[in-house]
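Following this line, the structures themselves.
Note that subunit A is present in both complexes that follow, paired respectively with subunit B and with subunit C.
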Partner chain A sequence: MHRRGVGAGAIAKKKLAEMSKQLDMFKTNLEEFASKHKQEIRKNPEFRVQFQDMCATIGVDPLASGKGFWSEMLGVGDFYYELGVQIIEVCLALKHRNGGLITLEELHQQVLKGRGKFAQDVSQDDLIRAIKKLKALGTGFGIIPVGGTYLIQSVPAELNMDHTVVLQLAEKNGYVTVSEIKASLKWETERARQVLEHLLKEGLAWLDLQAPGEAHYWLPALFTDLYSQEITAEEAREALP
Partner chain B sequence: MDRFVWTSGLLEINETLVIQQRGVRIYDGEEKIKFDAGTLLLSTHRLIWRDQKNHECCMAILLSQIVFIEEQAAGIGKSAKIVVHLHPAPPNKEPGPFQSSKNSYIKLSFKEHGQIEFYRRLSEEMTQRRWENMPVSQSLQTNRGPQPGRIRAVGIVGIERKLEEKRKETDKNISEAFEDLSKLMIKTIRFKSYLLSMGIANPVTRETYGSGTQYHMQLAKQLAGILQVPLEERGGIMSLTEVYCLVNRARGMELLSPEDLVNACKMLEALKLPLRLRVFDSGVMVIELQSHKEEEMVASALETVSEKGSLTSEEFAKLVGMSVLLAKERLLLAEKMGHLCRDDSVEGLRFYPNLFMTQS
Partner chain C sequence: MAMSFEWPLQPNVDTRQKQLAAWCSLVLSFCRLHKQSSMTVMEAQESPLFNNVKLQRKLPVESIQIVLEELRKKGNLEWLDKSKSSFLIMWRRPEEWGKLIYQWVSRSGQNNSVFTLYELTNGEDTEDEEFHGLDEATLLRALQALQQEHKAEIITVSDGRGVKFF
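Let's turn to the complex of A and B:
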């Protein structure tokens, strides 16, 4: 006797139908959330952090694609991708001053200036997330922890652990010397010299032979005096053709 | 809620019914009160509410007591509402369901829908203010709202109250947003474990698919169209960073993620489009016109360097009118092909024609 509704085919069909229903329900939940809180995401940096953390917990990257479930529904994508463009422009404009290395603070200030007074609030967390996405473009965006903050690298200069640790050492005073490196890191002279030479070559450090005592290696990225300086019209022009 | 007065519910002469709606609940500010199921009537002069179960329970406010109204959209498990902000009750008000209330607004919850139409009609009546032109009986007139002399004081207090309420609303909105977010998180986790139980570890969405989807193919074709002219203007080659900025600035909205761009560019060659993605040894990624031959450009770079004796990337970039990034890549390629030699010192990286090759 042939019984209908039983057998692998029927079970699979049922499961498929159930899954369809679950998916629809989930989509509806997401749509409800989106229609209510889209504005909040755009206006509130803290809410964005919570939202991103939630996504990370469940293994979802809402910024992976502009055509993604999340970014389409909530418009999160546009916020970060546009920020990415602004970050690139600021870094390019200031590259000749700092060699392609900039503190997160200065980047934050310059980006806020560029956005104008009616733009939405942008936090440092937002900048970090946008920069992490920019790494996919292959042009050397990097995030280097120094002191209590971060240095953002925007050129494909090769910076290994040695270079990074010297940058961290320099963060205190804005410059570093061979003696300091030897004393703090217990390196030999040759190793210290090589690292400093590399930083000079890459344009990330400037040599000051007139400093009292021994030569000072300054990092323009860490000059606080330069923070308040506006990006000039020429710099902006040179930044992007 | 202290603005309502008991009424028979009968319309006065010159008072006309505009619209009515069943299934309306009243809130005193944010609080639910016992008036949870009634028929709401809008007349040219008043807003009347009658209990569906007990027809004797009937109350009204004058439209002239309304300062302004707002809509509140429906939510999950919540009906659409109209928020009605009111002038303070006059001292000689007739008795009503509440003697006093800390709220100067009420909410009308439309549990059986009808909010949209009702709001439209109420707005119309508020604009037209027909009650001013159609006098009704004395009993209604005494509740006309604030006397002209006191308007200014009431106005400012009213505005301050509105601002305070708006502030509270905003705070409420944010905490509601966070609440909803945690609820959504729970639902998402539940959904993901459901999928896991079905044996689907990684849902195939456009996010996880990477390159090769319809979307990226379409995008690749679009890019070919957008980038043709800019590439020609820039010597046939652009870094992916430049492309990202150019394309997204042009789009204005529905921007591309960096990954979208990379995945689309990976398909350019396969789709036989006139551009291609190229990755240099350094990891730098560029888009080139198919017609662009970087190796030929290297030959002209060699000429330029020879003319000047030696050049750094910056100097070369300035001479040729390229970005420093791409200038460096070209010189490095020339070096790789054996045409140039480097002089790497603290003064910078300088390139010379490779005399070992030419003069051996």
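Let's turn to the complex of A and C:
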């Protein structure tokens, strides 16, 4: 007769039981932790980052669903949901100016402005998380890394790798030219032209034929500090026939 | 230096709309600030409004004409001659000025009073009003708008023109 009991299967089972118990304990501790620090989570951006990292380590997504433990116990979901709504409002208000593309910095500035003096502080990390949620909800939001930062896309323009790499190139001066694209990216003229045509078509780029040398393609989304006089969304709306 | 233009304004239709709206807003702000109520197209071409020396950019005359036509459609511009070489520019439309003037008249209980044009825009009584200092051409059009609504009648007075309000 074969001896059963001690063998690979039994060890695995025992390990599993131990791990399960550990995970339960961990979860309970986390819940306790969460309830103690609910206020902190709402008030402190740094704390939120650390909390999120901790959750990620154990494979928990506090923003996974609207109902359930995390959002109810912590109001984490509410916080990011509200932030998501604010982000959408800012993007809508500025869309006429930048075609639906905005730098993370400008978005941050505008969100803080909208929240007023007494509102809780919001970090760029918070914005990215909220936008990731918006993205997952299929709202057309996108995040494009450029230079050392990100461009947030709020209008579902079709942007492929070629387009985003040209956007990254444009970040330096706020504009880009065919020559610059050819020199930096080693592309053929036609490929560069097609990308620029597409950016024009999507309303993300404006054509400047009076620039010295060759046509400049300007990207209002990258302008943030260069405006001296702004036309507000209200004025733009009123001015259109 | 300047390349030949295939497009006087932005090629993308939506972008062009935004561009036109921005230009219209700029023209009105500029004229309001510099208290300019009329201009010739030649002047406009060379003025800092359409010719930005610092940026080394000029709006070509074809585009200027499109902007001016847009302003005309919105009621802020009127051509002063058939050849469209000079124009009246009103940062507020005549109807809007008319409304402001009539509101002042009613508020101060002066319906059925008669004013000279000068009194309206340069009199002591209107010093605090927005239409104080308004140029005569725009004022006339404002009063004509009120006349259409039967709220006023432009009349001749001793040494010029005046208006009676109802």
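Throughout what follows, the second predicted complex is superposed on the first by the 191 of 241 C-alpha atoms of A that agree within 3 Å, B and C clash if a C-alpha of one lies under 4 Å from a C-alpha of the other, contacts with A are read in each partner's own complex, and residues count from 1 in each chain.
Assume a contact is a pair of C-beta atoms (placed from the backbone, for glycine too) under 8 Å apart; a residue touches a chain by one contact, two chains touch by 3 or more.
These numbers were taken from a predicted model, which means no experiment stands behind them.
**Q** Once the shared chain is lined up, is A:L200 touching subunit B (first), subunit C (second), both, or neither of them?
**A** In the superposition, A:L200 contacts both subunit B and subunit C.
**Q** Go through the superposed model and pick first if A:V155 touches only subunit B, second if only subunit C, both, or neither.
**A** first
**Q** Counting touched residues of subunit A, say whether subunit B or subunit C comes out ahead.
**A** Looking at subunit A, the partner in contact with more of its residues is B.
**Q** Of the two partner chains, subunit B (first) and subunit C (second), which one does A:K36 touch, if any: first, second, both, or neither?
**A** The answer is first: A:K36 touches subunit B but not subunit C.
**Q** For A:Q120, is the partner it touches subunit B (first), subunit C (second), both, or none of the two (neither)?
**A** Neither subunit B nor subunit C is touched by A:Q120.
**Q** Figure out whether A:S179 sits in contact with subunit B (first) or subunit C (second), or with both, or with neither.
**A** A:S179: touches no partner chain.
**Q** Scan A:L209 for contacts with subunit B and subunit C and give back first, second, both or neither.
**A** second
**Q** Identify the partner contact of A:T189: answer first if only subunit B is touched, second if only subunit C is, both if each is, neither if none is.
**A** Neither: A:T189 stays clear of subunit B and subunit C.
**Q** Kindly list the residues of subunit A that each of subunit B and subunit C touches, one partner per complex.
**A** Residues 200-201, 203, 207, 240-241, which sit in both footprints.
**Q** Spell out the part of subunit B that touches subunit A in their complex, as residue ranges.
**A** Residue positions touching the partner: 73, 75-76, 173-174, 176-178, 180-181, 184-185, 187-189, 191-192, 194, 198, 205-208, 215, 233-234, 239-242, 244-246, 248-249, 253-262, 279, 282-285, 323-325, 344-346, 348-349.
**Q** Taking the complex as given, what residues does subunit A use to touch subunit B?
**A** 15, 19, 22, 26, 29-30, 32-33, 35-37, 40, 44, 47, 50-51, 54, 57-61, 63-69, 71, 77-78, 81-82, 84-85, 88-89, 95, 133-140, 155-156, 197, 200-201, 203, 207, 240-241
**Q** Which part of subunit A faces subunit C closely enough to touch in the complex?
**A** 96-97, 99, 200-201, 203, 206-210, 212, 214-215, 229, 231, 235-236, 239-241
**Q** Which residues of subunit C touch subunit A once you look at their complex with the stated criterion?
**A** Residue positions touching the partner: 1-3, 5, 7, 10-12, 14-15, 17-22, 24-26, 29, 56-58, 70, 73-74.
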